[in-house]
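Here come two complexes built around subunit A, the first alongside subunit B, the second alongside subunit C.
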Partner chain A sequence: MNAVGAYVAIVSARYRTLLQYRAAAFAGFMTQVFWGAIKIMVFFAFYAVSREAQPMSLAQVVSYVWLGQALLGMLPWNMDKEIEQLIREGAVSYELVRPLDLYAFWFARTIALRTATTTLRSIPMVLLAGVVLPLAGQAQWALLPPESLTAFCVFLVSLFWALMLACAFTMLMHVFLVWTISGEGLNRVMPSFTIVFSGMIVPLPLFPDWLQPFLNLQPFRGLVDVPFRIYTGSIPVADAWPDIVHQVIWTVIFVAYGRWLLQRSLTRLVVQGG
Partner chain B sequence: MSQIVVESLEKRFQVAERSPGFVGALSGVFRRRYRTVDALAGVDFRIDAGELVGYIGPNGAGKSTTIKILSGILTPSAGRCEIEGLVPWQDRKAHVRNIGVVFGQRTQLWWDLPVIESFELLRDIYRIPPSQYRTSSRELIDIMDLAPLLDTPVRQLSLGQRMRCDLVASLLHQPSILFLDEPTIGLDAISKLAVREFVKTLNRERRVTVILTTHDMDDIEALCDRIVVIGGGRILSDGTLASLRAKLRSERRIKLELLEPVAFDSPDVRVISAEGATLHLAFDPSVITTASLIKNIAESWPVKDIFIENPPIEELIAQLYAANRVNA
Partner chain C sequence: MRGHGLGLYWRLILASMTSQMQYKASFILSSLGQFAATAVEIAGVWALFSRFGNLEHWNIAEVCMFYGLVNVSFAISDAIGTGFDQFGALYVKTGHFDRLLLRPRSIFLQLIGHEFALRRVGRFSQGLAVLAWSIVTLEIDFTAYQVFMMLVTIVTSVCFFLGLFILQATLSFWSVETLEIMNTLTYGGVECAQYPMAIYEGWFRRIFTFVIPLACISYFPVIAVLGIDDPLGSSRLFQTLVPLSGPLFLGISIVLFQRVGVRHYTSTGS
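Let's turn to the complex of A and B:
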């Protein structure tokens, strides 16, 4: 299993590169704090006027919002700038002269992309929402501790698969890029889908009932809705396993499709110039 | 058995064509027309271990395509290629362990990381054992004098420094074959000399097989025992520089410096240019031997100095293309 070492090295190198942008991480953190506050105010208003019983309690929704703000960077909302550049400038050649599987090679880079800035932003966010706010007497605004220790452990499992799903989907965007060269179109369209259908804007249970069967099937709920609702207890631990299997299945589908498509595009590869 | 065997290698690209103008762009949305480009139209050669081969040709001749097939990046349309018993595009992962590649126009180093971290990343990617990495990296860093650069992020290096680092990066895993695709492009004279010196040492002392593409004919003259000329996707010539010269118009050059400007005229030579007392002459050694020509000139004219020159290699190549009707 020595091969794993190579991929670990790639992840850590990308980490070091991405961690150079600390100012960007701080700016991102501030933006997300404000967005989180605005969203929570909207939910306060919504719960105040709503007469029906809602599928999630207000406290659960507040925690859900803060988790979302902390882990926003994990969503597949952008592509790896380096890979984009490699593809556009034809430097893919250098990727192919390494004794590595190209899909796994890029997947490792993608893991770094999805986690490096996220860890940098999520720690202060959790501290602010989970520790500072309750201490300041703003308990109704705070990120609550997980439902139980078991719920937290199951949440971590689900979060891991959310990351894998996010990377597999980002990889699909990278592979499409190999076909289309310019990433602008995809880069603009995809985030709208992922942000809405993952449950990042509004938790999925709050969507109309007639949409629920579709929302339950589609892949993006595995990114946000599943892990966060396990954390808040909106999905009880005992009922969580089908949802995690749902995450795994969609990850496997995205990886298989991405690998197949990349393999196909490599045999028809045209490397321009030089 | 040769280290590299290439037999009737072909590569065709499909290129989407678009008619010019708005209407053309619109019709392209509905109906694509494709044009087939024969980048390689049947290429054969064999290279033995330890050779240093110059692979030259004009832009678009198929040089880079060949290199990319040999290094396992592209799949050819037809033909056979075996390198140390492996088919590059089928056994890519095993094959690339035996080769080092440098594309002069791009870097293989990580742009934002210090040079040494790129080297260590390559060590991990190739799974080079620590002891082997220590000796080989130290040796390469010494030869190329990189020690002062190791902690600099790659984006801050000059082109010459970057190329020296790229060369070292391509050799850390001790490949037996090195592909250099225009390694001296854009470099200043000193960096070019450093690169040439390094490649020569590598080939002589470590017996690394080197295949070099270049537009710089000084590279070829300084380095290559064997020159393969490609044009229009075919091999036009394969042999030593001397045999290439002999094959083409066997004209020699003389640079003649006289003591004073005179109206020079001689039946055996052609005057190419005359500037004051300095004359450039051409003659055919099959008509008159060099020795008797020099004797004739020295007896009849007030000679200060004589230099015998071979015609520049660019002219040989241009002749070769003209003879084969290749558009350079």
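Let's turn to the complex of A and C:
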């Protein structure tokens, strides 16, 4: 209950801050459009010579790329700068004084981090790729509408769990940071694995077949691959439920582990600075 | 005087390296982080090739030559160009540029000597590993010309990317902040030069050949390194000469920086 109030306050504050930096937001948007265009051209070239049937159609891959560019900020690739600073400077002790559950409070902040920038950037991206490009007659470049209305609803459910999974994993990164050096090292290398195994670089079905059993088990596919493939119809609605359960299970595991680790680290916490 | 400047540059660079080595753990972590972050791209290339077999007429070893050379070159220019890359935030916004103007040394020398970013070894070693794999796999009997063209690619690419950083610094005289939009050309340039330019659409290729000479310092000379016929139909002579646009681009950037940018500078005060 407290966490919800805190969340609303944090998100609105963050929006106001972000809107102060319109030029930076525009630059970020243009960079993402450019990136998307390069990726799509690479896929055009690969698909142009491919004679066999591929696990995903080119149109599905193009939509997948745009969704990825729109929702990039949702991926757990960075941490909340203020939480990082709290831990570095020892102000984490003030956090412990607050009459809030520390994990829930930080989780709320993390949701704000993962959603504020993303919503701001995803709207123009969806408009450009989904509306402007088809109207300009560039249908092969466009973000297609979802498979069906049902697919869209299931996509939203899956997207919500992708967000929860992303936040639960970002929280793990925050908690690791309490272990200073070893945690920091892990946090520098981890995002790269997250980006590959979520399907952000290449949609997971396009990886070699012998890797698929592993790719289907690992948690990061719930961040990108599952929701995007439900949207494009690469995962039919009828088969989507096991994948959403997969997302929920990994979220629960990450939250439980994060909570346990945070409890443990707080019992042996040494506050730096005065 | 010229030798003097070079001597000063080495002293600045050595001081920068010594100071970075004071924080060894931090250096190792950021290098490892960069290695992992850039290796992500090659994982993508590998996955696509194992799924699709070939990319038009290119095989994976050839693509790795493009990939390796552009990453090695960008890592070098990123390491030496930090002063220009961070120029807006570090010098214009703070007004510290005044201090550089007061010193009896060229602005260029002072900025290039700002920092030699050792952590770029992460991208460098990743690119070098991919390049080495490509050379071994292609089993080319390199002629002296091909080795020469490989050096040309690296040197002219370093010039080109350095030119982009300097252009970015020039623009920050107006924007005050460091311009994120230039990332499309720097990081975005690396991203698209990792694949042979011939696979992209014509309009896109023309922009990155004639407006921004990215293809001139990556695609064309690498074709000569590989010793193959260009599917776009360029001649060897063209491939040998056109990389000169890299140093030319750098020269224009420096002139713009010093003639237009510095002249426009008004201090923000301290």
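We adopt the following convention: the second predicted complex is superposed on the first by the 245 of 274 C-alpha atoms of A that agree within 3 Å, B and C clash if a C-alpha of one lies under 4 Å from a C-alpha of the other, contacts with A are read in each partner's own complex, and residues count from 1 in each chain.
Here is the rule we go by: a contact is a pair of C-beta atoms (placed from the backbone, for glycine too) under 8 Å apart; a residue touches a chain by one contact, two chains touch by 3 or more.
The structure presented is a predicted model; accordingly, all values stated were derived computationally and were not measured.
Enquirer: What is the contact status of A:V4 with respect to subunit B (first) and subunit C (second): first, second, both, or neither?
Expert: A:V4: touches no partner chain.
Enquirer: Quick one: is A:V132 in contact with subunit B, with subunit C, with both, or with neither? Answer first, second, both or neither.
Expert: neither
Enquirer: For A:L96, select first, second, both or neither according to whether it touches subunit B, subunit C, the two together, or no partner.
Expert: first
Enquirer: After superposition on the shared chain, which partner residues are touched by A:A256: those of subunit B (first), subunit C (second), both, or neither?
Expert: neither
Enquirer: So, does A:T17 touch the first partner subunit B, the second partner subunit C, both, or neither?
Expert: first
Enquirer: Report, in rising order, the residues of subunit A that make contact with subunit B in one complex and with subunit C in the other.
Expert: none
Enquirer: Any idea which subunit B residues touch subunit A in the complex?
Expert: 13, 64, 68, 71-75, 92-94, 96-97, 99, 101, 103, 105-106, 108, 110-113, 117, 120-121, 124-127, 181-182
Enquirer: Going by the contact rule at the top, pick out the subunit C residues touching subunit A in the complex.
Expert: Against subunit A, subunit C makes touches at 25, 29-30, 32-33, 36-37, 39-41, 43-44, 47-48, 50-56, 175, 177, 179-181, 183-184, 187-188, 191-192, 195, 199-201, 204.
Enquirer: In the complex of these two chains, what residues of subunit A are touching subunit C?
Expert: By the definition above, subunit A touches subunit C via 23-24, 26-28, 30-31, 34-35, 37-38, 41-42, 44-50, 54, 181, 184-185, 188-189, 191-193, 195-196, 201-202, 206-208.
Enquirer: Per the contact definition, I'd like the list of subunit A residues that touch subunit B in the complex.
Expert: Against subunit B, subunit A makes touches at 2-3, 5-6, 8-10, 13, 16-17, 20, 82, 89-94, 96-101, 266-267, 269-271, 273-274.
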